[in-house]
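One chain, chain A, appears in both complexes that follow, with chain B as partner in the first and chain C in the second.
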Partner chain A sequence: MNKRDGKLATSFLKIGSVAAGLSLWHMLAVYVINDTTLLVSPMVVVRTAYDMLFVTGELYPHLFASSWIFFYGFILAIVAGVPLGFVMALSPVVRDYINPWMATLYTTPRIAFAPVLLLWFGIGGGSKIAIVFLGCVFPILINSYYGMRAVNREYVELARSFRLRPWALFVKILLPASIPFILAGIRLAVGRGLTGVAIAEWFGATEGLGYLVFFAGQTLNVPILFVGVAAFALLGILGFEIVRQFENYVTPWKKQAQGG
Partner chain B sequence: MAGPVLELRSLHKEIPRKDLEPFKIFQDINISLHDGEFVSIVGPSGCGKTTMLRVINGLMTRTSGDIFIDGKAAEELDHELVMGFVFQGASLLPWRTSLKNILLGLEGRGHNPKEAGKIARKYLDLVGLSGFENHYPHELSGGMQQRVNLARALAVDPRILLMDEPFAALDAQTRNFMQLELLRIWRETKKTVIFVTHMISEAILLSDRVIVFSHRPGTIRSEYAVPLERPRRMEMRSDPRFLELENIVWKQIEEEVNASGGFNQM
Partner chain C sequence: MPRKEIVRGCVSICAGLVIWEVLTRLLLENELLIPPPSSVIRSFWRMAISGQLNKHFTATLIEFFYGFTTACLVGIVIGYFMGMHRWFDEIMDPWIATLYSIPIITVVPLIIIWFGIGMVSKVIVVFKITAVAIILNTAAGIKNLDPVWLELAKSLRLSRWETTYKIRFPGALPYIITGMRLGVGRALLGVIVAELMAANAGLGYLLRDSSETWDSPKLFVTVILLAAIGLASFNLIKRLEQKMAPWRQSAEWTAE
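Let's look at the complex of A and B:
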């Protein structure tokens, strides 16, 4: 089987899998459960989504609210996480100083922080962004740290043999060598950031996808509930894809190495 | 005749160990190379020949002894690129194309970018890779990668080229080609070369002199001028003088291996 046939077969499998899943869902909803307060057919979800997007337009405020919170928290996490990870990798003193805090914060469930952050930052955007930030920052920080630590020793020796100065060593060797790791961390952060959005908007929010899902669940509005969940999923896929495209752009040697 | 380009005087390297005698890597190394000379170092595995090369290049510190380059202490010249190191693995940066890899040593050395690009291209041509300037390392074969590696070391126009088993990872055929290519490039650039290898025939084919190291701690056991004219050709490997020298050197390495506890100790 040549490469193109293989790709085609993979696409067929993917489409088939989605189609089979949706059919199963539809039959389960209509013929087995048959209770719209528990489960509705995917066709109902699609129709509801269509109405919310093109008829009433009520989905947009939620979508925008969540997107902004996600965006700010995510960018802040990159801005803070990458340099901090680098500093930790390059300075054992900083690493030992920060490590206990990082281990504690990383392993504590973020949902436990939510009420505290709400108390500190109020119910406005600040606390929500902080929750998203907390979700995103650790995978980015940890991957930046390990990326820089894992730089091939040969490259460092190469830099030494060319007598590169410390700054050139950083810019020309250490930084490019750790970029794939950093991007892997950023990809992980997309999912964790969206979880953060959902958590943040469950506490005292009046808009956002998390609020929508929470509210719909409370009022047994299953179609809207599923629209909210689907919107989260699509945001996740979109975020993932953006990072992937960015990855292909900044690490062309990786893309070609994988034949993609 | 002018003084030696590279001179090693009583070079000694040991690694301190806790609660134990220091671990001696090599000791009492005296070598001098004159301008344009090609010298190979052979010896049993673990005899310290690679470590010596790294010490000469300043990748590792030495315990005692002196290194002089054109009569000046190596420390005084540390910030200048008097030596080019050709690594055993090509160690090309995967995010740089072959041309950009060659540029690495030229950047930040006072060339304007255009000039540096021109120099890099010249060395790319020299190693026979014209047309591959925009290829990433993974798109090149092992032999081509080593060509880039060589071009990168040469591009900074070093006084001395230090080569650490650069062809060890290549298949036999590519290796033969690369040996001839190296000889051609050496003729054209007239560099002074120290070439570390474990392959005796390679050492003889390439070199003016072959230095045999003892087992660890490495010392110079013997030294031979290669009695073959230049330019060298592959056929010379069946020349009686070649075979005789190969036998002599092989016997010595065999003795060294046995003296260090035999082959199974390696």
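Let's look at the complex of A and C:
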């Protein structure tokens, strides 16, 4: 009775919901719409995915190109965002001067910058990395800032009473205390970075998952379109999970760090 | 203290603009890469006079408004039922989670295939983005309601409707507004992407048009306008949040 049954019922409902939805999709695609330029059955999508992965292998170059861009943009965002967030947290003057620019850049829809960045960096890797960077950097920067601001005052006072030098204070107290926040920011940045990849590859790219999706959209190739969308979703979930595992490993004292 | 902040902010903005103007005037003879602020302002003025700006701005605004309001209504209702009934939550959960984890802009081509390049497809894009954020947050708000309040409602013999209206909805309101705030930023991105991809009006269209004709001042006007819209909507929602849920300390900017 009770708990185990409840769990069983839960998973039953979930599986039932997914199965019902998929079969509805199949029916709709095959019997109602019956037009492969509008919608195809999930079975066709799975078959296309299988072909692209194991038979022709045409998904890999796209996957590789996208990961490359994502990786560089993401690393650059961490390298630039964390120190800048720290500096802003530690110096109110710097914060006040940077703040208006930051707030503007952050609240502008990122896509608006894409044509400008394209103008500056050309259609090569540079502009794409810049777009991903712009997407990732703000959650990381903002969370580093809050992480540094939210350090418990008692820790700082303790450090003072031990007469720690400023550098030791930073390394031993401030940095470890703000790491959970930074990691939460990095977790948020994963999704935004992926969106950035999609935006970047839509402007003048010749390969990559974003290119795949937009090209399929323009040629009305619905099966490939679905495969591309699914690939993005899976990568997002995967990246999110990796960072969360890493979070649990690095900051075991915190089950779930609060994002800013 | 806040006054000092404002002064520094203004100084920073003004200094930035002056440096930008001087550098572009001195270093670049071609306005293509970075047009100086003065020519951006001139272009803005010209577009405003010709009514071009107004047309594109209203198009985007209307698309955004329709999508956003319908998403709020539908999202709150679905989220409410997900929070109230366990079974409904279980049924919806896999689908909402899937929708949530797909980067919005990758489904835009699909939505354009289905709904055409007109206004409907943009409204749907805004709707999808906002609805998911609001559903998730409303459900969380209903679920996390303090049980003491429900007991209070019981002891006051409130009817089901009154409990919903007086206890559950206000209790979930801060969450709902958080959902709206998350929705606004993303929906703005979504509508611009959809307009960039295929449209004949809207700020996204303007963005594409100006970048493809290498009209940099116009491009910068659009970018700055989008920045202003983003900033304004963000501050509006933040105000709303502070008013509706003053006990929740809201951050200066919040990571999505």
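Keep this in mind: the second predicted complex is superposed on the first by the 222 of 260 C-alpha atoms of A that agree within 3 Å, B and C clash if a C-alpha of one lies under 4 Å from a C-alpha of the other, contacts with A are read in each partner's own complex, and residues count from 1 in each chain.
Following the convention adopted for this analysis, a residue touches a chain if its C-beta (ideal position, glycine included) is under 8 Å from a C-beta of that chain, and two chains touch if they have at least 3 such contacts.
Everything numeric here is computed off the predicted structure, so don't read it as measured data.
Visitor: Mind checking the superposed model to see whether chain B and chain C fit together on chain A or clash?
Guide: Here chain B and chain C can both sit on chain A without a clash.
Visitor: A:Met148 contacts which: chain B (first), chain C (second), both, neither?
Guide: In the superposed model, A:Met148 contacts neither chain B nor chain C.
Visitor: Using the touch definition from the top, say if A:Glu157 reaches chain B (first), chain C (second), both or neither.
Guide: After superposition on chain A, A:Glu157 lies in contact with chain B alone.
Visitor: Using the superposition on chain A described above, determine whether A:Thr107 touches chain B (first), chain C (second), both, or neither.
Guide: Only chain C; A:Thr107 stays clear of chain B.
Visitor: Between chain B and chain C, whom does A:Ile186 touch in the aligned arrangement: first, second, both, or neither?
Guide: Touch status of A:Ile186: no partner.
Visitor: Mind telling me which of the two, chain B or chain C, contacts the most residues of chain A?
Guide: Between chain B and chain C, C touches the greater number of residues in chain A.
Visitor: Does the superposition put A:Ile237 against chain B (first), chain C (second), both, or neither?
Guide: In the superposition, A:Ile237 contacts chain C only.
Visitor: Return first, second, both or neither, reflecting whether A:Leu118 touches chain B, chain C, both chains, or no partner chain.
Guide: second
Visitor: Can A:Leu169 be said to touch chain B (first), chain C (second), both, or neither?
Guide: Neither partner.
Visitor: Shortest C-alpha to C-alpha distance from chain B to chain C once the two structures are superposed, in angstrom?
Guide: Across the overlay, chain B reaches chain C at a minimum of 14 Å between C-alpha atoms.
Visitor: Residue numbers of chain A touching chain B in their complex, please.
Guide: 152, 154-155, 157-158, 160-165, 168, 172-173, 176-177, 179, 251-253, 256-257
Visitor: Help me check something: in the complex, which residues belonging to chain A touch chain C?
Guide: 10, 13-14, 16-18, 21, 37-39, 93, 96-113, 115-116, 118-120, 138-139, 142-143, 146, 184-185, 188, 191-192, 194-195, 198-199, 202, 210, 213-214, 216-218, 220, 222, 225-226, 228-229, 232-233, 236-237, 240, 259-260
Visitor: Sort out for me which residues of chain C touch chain A in the complex.
Guide: Touch list, chain C to chain A: 4-5, 8-13, 16, 32-33, 87, 90-95, 98, 101-110, 112-114, 185, 188-189, 192-193, 196-197, 204, 207-208, 210-211, 216, 219-220, 222-223, 226-227, 230-231, 233-234, 251-256.
Visitor: Within their complex, state which residues of chain B touch chain A.
Guide: Where chain B meets chain A, its residues are 57-59, 78-81, 83-85, 87, 89, 91, 93-95, 104-105, 107-108, 136-139, 156.
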